[in-house]
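The same subunit A turns up in both complexes below, where it pairs with subunit B and then with subunit C.
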Partner chain A sequence: MSIAAEQALSREEQDILQELMNIAFGRASADLAEVIDTYVVLNVPEVRTLKVVDLPEFISTEISDHDIISIVEQSYLGRFKGVALLIFPSGAGRELLKLFGDNVEDYGEDVSMAALEKESILEVSNILIGACVGKVVELLDDEVSFSPPRIIIEDHPRNAIPCEIFEPDSLATVMRTVFQFSDRNISGYLFLINSNESFQWLKKALNRFMEQYE
Partner chain B sequence: MIHTILIVDDSTISRKIVKKCLPKDREFELFEAGDGLAGLEKFKEVKPDLVFLDLTMPVMDGVQALKEMLKVDQDAVVVVQTADVQKKTISNVMDSGAFTLLRKPLSPEAVAEVLRLVEGTGHKKG
Partner chain C sequence: MIFEQVFNMINVGLVVLDQDLNVRHWNRWMELHSNIKAEDIIGSPIFSCFPNLDNPKFLRNCKSVFKFGNFSFFSQKLHRYLFPFKPDSTFGSEFNHMQQSCTMGPLRDESNVVSHIYLSVQDVTEIAAYERKLVEKNMQDGLTGIYNRRFLDAKLQEEFSRHKRYNRPFSLIMCDIDLFKNVNDTYGHQCGDVVIKHIASLMGSMMRDTDFLARYGGEEFCCLLPEADFEVACSLAERLRQAIEQKEVTFDGQTLNITVSFGVAYMYDEVEHAEALLQMADDALYAAKKSGRNRVVAAP
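Our next item is the complex of A and B:
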């Protein structure tokens, strides 16, 4: 067995992480529902370990229903270290803007619809990524800081999905959840991608989480 | 007294946490299922005194399973344990007939309180 494979999470550790992701995204959705008038339909999250070099293809396949997407990329830094990708299909910015109850006319001629749509996506990503990553880390009794988000609006997935997140020959743990805003026909995808730098700490933290129930 | 408990959750970890949160000084007969439909079938088979039911599950979700269980036995005691803590979810679950809703992750204190409440109300077969 290679060193990389030994470092990767075991099946049970992945199951623990999946349950933590489930809890964290549930809290994040509740936070979002407090801010905008919507109901977030949750799905069962998935956790898997991949080679970094295979990540772009994996993400492209997951979102293959959509030719044009908007994507927010934000790094989280700490012992739980990685990159969050929040992906929406084309048109989501406009729908999210409606959820915030905003009209472009309210902002005068100086503000474009595109800018407002971008702001609405950033606001949703700020809540979902911040609350979800924050809750996972809180459950693991640690903390993280965030880099400023990077946003790409309405582009083809091959241009928008980052290709060089981590070292290409290393492994990454991918936490993925898909969600819908029930009354707006908007789907979204949240990927939390942890580099193998955090594997060693993560394994210990996950096992420590379960020890409280022993 | 509660003796038989059915735990329905697609997460093996979540089912393990429920089991670990049950009082250590009591004995229970435990049954498990990994999705709502399997949970419903197990419910019909064993007629448990208490059900811990997750919401976000494949095949059949928790709300549907809850409604089906109550069709089978209108006195069923179903405690929903979920990560989905949106207000609309909580009201939907309670309107659908759940005994109560617990936020994940469960704690031994929360589970002990639920057992006390269920047994205190005499809600189910004695």
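Our next item is the complex of A and C:
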């Protein structure tokens, strides 16, 4: 067993994290409704620890229903540290554009429909990731900053899923959830992937979180 | 004391807003570029001086930062700018406004609640100007200034997808200068360049703003005509042919009569990919050459 493996979250810690995320996502849903005027259902998250090399395979399997996807990648940096991947099936940009009611005419003449669809995905992703990560770290008593989100638009999963997020030999905690916009035909997947750098802190923070219930 | 100096000396615009979106801080950079003094704007809603910010997207992002403590990014690519300032340097001469990359983020009080948000404004006019030049160069033919083949290939794919999605008509004209090798061999390559430039500029002047004229290869040109049906494309090709035939080219005191052959193809449902349409136009062009040059042949 490598040192990294010993440092990984225990079964119990994973359960606590799952419960904590459940609470966090519930709060995120409620607040998201106020910000983007639509209710986002965030399903019960699933937590697991994986080797970084196995991540792309894991993600591809999870989203295997979709041939063409768009991925938004955004890093969050605090003691809680990792990468968020938000994955939308093909055509989500058009639906999101309708949600915001943005018009091409509101922008400069050289802004295309495709650019606007892409921007809608980016904006919604930035808010969705901000909400989910923000509520999780709030419960863990941490603060994070975010990098600007990057997007890979309408591509095959094998091209779009990033392979080199962290050191390939290390472990990662993957928090996965499925979300739906309640009155719209928009759904997708959110993966929060924490590197083993934050494991030690995360263990302590999870134990602190449990103490308030004991 | 030092922080206040940094706030005012830094070469970035910094604004702090409270929960009602009133301005709480306005740094020197913002004063200099907006011509609004801090004391004149502090305490007023940001919209009183910048009504353009009173839009759903800006409000949505403010709400998000207050609620979640996340960051919002307003890219220059889409927004151009949040604050309509004049460009600062000569680099920005082609822009009416300073191009900005803006970020919005949370500021927390002692109990860790997001009580204010900050906006940082970075002048990226110079980068945007360079980018614009690079993009132009990347789609331009060096000799003639019309579009290059790379651009045409991409545009053709785009038009093809648009046809498949919305069933919009479009046509393609391929053309080639007749006996161009003779021009080069007789008068030299400099003369050949003059002829190519002449043809490009003459054809360009006769096309609609919405058409795309590209140099496809050495002496070969391609016109992509969105929203043009078969008749429109054929009649344009004929007008181009006549105009070229009638206009002499002078080089080094000598007069040359140049002619061009044309192949026209029209997009219809059975055409399965963009390259097939190109091939149809190319075959028609070949037929025009075969049957005596200086003529328009339409693809069957």
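Here, the second predicted complex is superposed on the first by the 206 of 214 C-alpha atoms of A that agree within 3 Å, B and C clash if a C-alpha of one lies under 4 Å from a C-alpha of the other, contacts with A are read in each partner's own complex, and residues count from 1 in each chain.
Methods note: a residue touches a chain if its C-beta (ideal position, glycine included) is under 8 Å from a C-beta of that chain, and two chains touch if they have at least 3 such contacts.
The structure presented is a predicted model; accordingly, all values stated were derived computationally and were not measured.
On the superposed subunit A, the positions of subunit B and subunit C stay apart, so the two partners fit side by side. Contacts of A:L77 after superposition: neither subunit B nor subunit C is touched. Applying the stated contact rule after C-alpha superposition, one finds that A:I127 touches subunit C and leaves subunit B untouched.
When both complexes are overlaid on chain A, the residue A:V44 reaches subunit B alone and has no touch with subunit C. For the combined model, the angle formed at the CA centre of subunit A by lines to the CA centres of subunit B and subunit C equals 140 degrees after rounding to the nearest 10. Contacts of A:M113 after superposition: neither subunit B nor subunit C is touched. In the overlay built on the shared chain, the residue A:P148 is in contact with subunit C alone; subunit B does not reach it. Number of subunit A residues touched is higher for C, counting subunit B against subunit C.
In the superposition on chain A, contact of A:S29 is made with subunit B only, not with subunit C. When the shared chain is aligned, no partner comes close enough to touch A:I68: not subunit B, not subunit C. Nearest C-alpha atoms belonging to subunit B and subunit C sit 13 Å apart in the superposition, given in whole angstrom. On subunit A, the surface touched by subunit B in one complex and the surface touched by subunit C in the other have no residue in common. Contact residues of subunit A toward subunit C in the complex are 28, 31, 34-36, 100-102, 107-108, 111, 115-116, 119, 123, 126-127, 129-131, 133-135, 138, 143, 145-146, 148-149.
Partner subunit A is touched in their complex by these residues of subunit B: 10-14, 16-17, 20-21, 56-58, 82-89, 104-105. Per the touch definition, subunit C reaches subunit A in the complex via residues 56-57, 60-61, 63-65, 67-73, 75, 77-78, 80, 103, 105, 108, 112. Partner subunit B is touched in their complex by these residues of subunit A: 12, 15-16, 18-19, 22-27, 29-30, 33, 39-40, 42-44, 139, 210, 213-214.
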